[in-house]
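Across the two complexes that follow, chain A remains constant while its partner is chain B and subsequently chain C.
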Partner chain A sequence: MENEKNHIIPYRTFLFVLAGLITLTLTSAVVTQISLGTFTVAIALIIATIKSSLVLRVFMHLKFESRMFSLAVIAVVLLIATVIIITLLDYLYR
Partner chain B sequence: MTGETHRDDLTSKTGMWLFLFTEMLLFGGLFVVYSVYRFRNPVAFHLAAQELSVTIGTINTIILLTSSTMIAMSITALQTKNKKLTLFLLGITILLGLAFLVNKYFEWGGHIKEHIYPGSSILALRGQGDVLFFGLYFFMTGLHALHIIIGLIFIAIITAKIFRNKITFNNYVLLENSGLYWHLVDLIWIFLYPLFYLIT
Partner chain C sequence: MIYQKDTAEPSYLDYKGKYKGIFSWIFSTDHKRIALLYMFSILTFFAIGATLGLLMKFELIAPGRTIMSAQAYNAFFTLHGIIMIFAVVIPGLPAVFGNFLLPIMIGAKDVAFPRINLLSWYLYVTGVSLVVISQFTGQGPPDTGWTFYAPYSFRTAGNMLPAVFGAFVLGFSSILTGLNFLVTIHRMRAPGMTWLKMPLFPWTLYATGWVQLLATPIIGITLLMIVAERTLHIGFFDPTLGGDPLLYQHLFWTYSHPAVYIMILPAMGAISEIITTYSHKAIFGYKFMIASVLAIAFVGYFIWGHHMFTSGMSGTALYTFSLLTFIVAVPSAIKVFNWIATMHQGSIDLQTPFYWAMAFLFVFMIGGFSGLILGSLAANVHLHNTHFVVAHFHFIVFGGTGFAFFGAMHYWYPKITGRMYDTRWANIGLVLFFIGFITLYGPMFYLGFKGMPRRYYDYDEVFHAGNIVSTMGSWVLYSGLVIIVINLFASLKSKIKAPSDPWGGKTLEWTIPSPPPVENFEEIPTVTKGPYNYS
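Showing the complex of A and B:
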């Protein structure tokens, strides 16, 4: 029994991703210091989502694994998002 | 496969991912609680969040992101049969994890000195919103720090196994799984950071 050939990711890919992650972190820190009202929340969460997809796809190898893993992660994220939205709708309209 | 032991790396990784899903749901539940309490106490959460240091939060975020990068690179090092570099990168991963905890220690210490901690009677005088904010802050960052400690122990065991050649370039799924765990801890922090430090 032989497992699928494992994908070797070059070091530079990781360093590029790290540079991107740090840039995004600093951007979100700076942007949220400027008061933009409700946009602040949206921007901070959008940046966090971009950062986490980088971590998931490159660091956690989802980009190179079978599609099954990505679909399962998406399902879990959608489940959590749905629960949060439904709960907030409940509080908003009760 | 030479036939000594049966091994199925894909299943091993699938099992790890299933465990990570339960972790996501655990923190997901806490994010639901956070959203509701924030929605019901917007002013208190706004003011309380300003008391957290954006600088410490940002430094800790960068420490954790770098640590994650190091363990990811250690897999490449092991795949290319560079054991020395693998051990070096794992050592850096552990040191950065410890640095994160040291920062957390001073950060929490600062709050506790100001009588901000769950159950503090001085904090209770400030009202329910503050109690909820700091309760969630200590519980969620505390649970996250517990995951950091577990991750560090996990990585230390893996490092020792690589040192003793129990994990090698053709049998490294355990290193991958410890990496996945470490990245998940990183992933959770990526959301804790804006929710507590940035959104005021």
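Showing the complex of A and C:
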């Protein structure tokens, strides 16, 4: 089965990803110092999304799995996003 | 010992494993034994919940104090709600019949993760125990209702934390069961059983599994937020701490409305199996039935706000939730039409489970239509928090899930126990149950329409007549329930052994002996035909 193969990722890749995650964390901390108004939350969420994508794809091996698993993850993210958007229909228009 | 005709292997009831006596049950990883563990636990809690309900109805037989104080009444309806929702109807069909039948119906020997399956049961028992402990410890039982609404839930002197934590643990049990079923269906279907050859009951468990997996964590985190607010005074929901009480309602119902579909979807699956078997005819619109199951699970995720129409949401949110609520009625109606079309020109065999299915259709439709009334914004303002709502959700949740549960119980009883039950007593119990049900909950529509609020132990004289009828209905319903349960237990000693296919069913569970052998199939079957091949 394709999904049951062992994938050996070189340490170098892990270190690169780790460095990327740390950099993004620092970036999100620095961004809070700048006054961006309503975009503050959006930028924090964008950075968090990039970080979680890295973790999912590399550390959790999603890039090696069949497309079905990626689609499942994307579908779940879209579902939660829709729930949040519907909730905002209350908060933004109250 | 019941040995099977066509196999030397003993049935799962007689299998001698590593442990003996009760340990052979509570340490068993066999999906069939775990299903029975759930069944006995759920029936026990159901008996407790039903008795609480009976006492509450007795309190309401006359205005003023009858048998309990107002505070006791608050505690009773809270415990009744928590037990019935979290410990009975949510796990009811998936944990009992799903566990027992899912692997068999898809041609597998067990679920994908048998040990996690047993762990789910332990979590379930732990969760319910915590809820029960909360009644007898601390500063008195919780009195918030099963919804734990903020901000009252962190201000009441009632012993909230164990109850909330118990519901949290029960959520984990539900998540693990859902995960187990999803993996089982994806990975363990018999050769040849493509998605479109899978029976409808496993299909409903599949949709339910996704809801359990994706919706339950939301209530878990919400309940933890209550704990954080009560203990650490972090302002999530309390306005004095900077929180928003409506946020709690959003989060609570984002889970708890899909939870209605955790209850009702497997019920619909069981009803589909029953109707097609006793009509001796393939289910009408098989693919539409699957599509409607998935549509209900999907759309059901986005309509939680109809529980909050009078809470102060924005107008945009109100219109959106009302529209989505009406949309979810469409796939539900498709199912009802297809069930009726299945019976049309069928060769109907009038057996007890079929009667249950008919009773289900009747009460489910009343529950569904009254839901549309509540989904209308203007009507909801009048009816919100009245007995009309109590009637509606009992028609859906108790009428839908409860009737399907007992229908499934009578349908699969011969398979599970290897014995036939006494049909006459089963039918007498059903008739009493049905009459009691209508008499108990029917007047609540009227009472609610006239303005009687829910969750009050006292009421105005004008509501007296309706409450007398309703209370008398509870006695009839309870009598029917007692007859049904006694009959099923007494039939365990029946001399009439069940054949492998007593009803003429076509799905895989009817191809193996009753009761099933430990590993279900001597040889994993190869499926070549659709699930309802009556041609």
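Note that in this section the second predicted complex is superposed on the first by the 85 of 94 C-alpha atoms of A that agree within 3 Å, B and C clash if a C-alpha of one lies under 4 Å from a C-alpha of the other, contacts with A are read in each partner's own complex, and residues count from 1 in each chain.
Quick note on the criterion: a residue touches a chain if its C-beta (ideal position, glycine included) is under 8 Å from a C-beta of that chain, and two chains touch if they have at least 3 such contacts.
Remember, it's a predicted structure, so these values are computed and weren't measured experimentally.
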Which superposed partner A:83 touches (first chain B, second chain C, both, neither): both
Chain B versus chain C as contact partner of A:94, first or second or both or neither: second
Chain B versus chain C, judged by how many residues of chain A each one touches: B
Interface residues of chain A shared between complexes with chain B and chain C: 76, 79, 83, 87, 91-92
Chain A-facing residues of chain B, complex: 1, 6-10, 13-14, 17, 21, 24-25, 28, 31-32, 35-36, 39-40, 54, 58, 61-62, 65-66, 68-69, 72-73, 75-76, 79-80, 176, 179-180, 183-184, 186-187, 190-191, 193-194, 198-200
Partner chain A, residues of chain C touching it in the complex: 214, 246, 250, 254, 301-302, 305, 312-317, 320-321
Contacting residues of chain A [partner chain B, same complex]: 1-4, 6, 8-11, 14-15, 17-18, 21-22, 25-26, 28-29, 32-33, 40-41, 44-45, 47-48, 51-52, 55-56, 58-61, 65-66, 69, 72-73, 76-77, 79-80, 83-84, 87-88, 91-92
Touch list for chain A against partner chain C, complex: 76, 79, 82-83, 86-87, 89-94
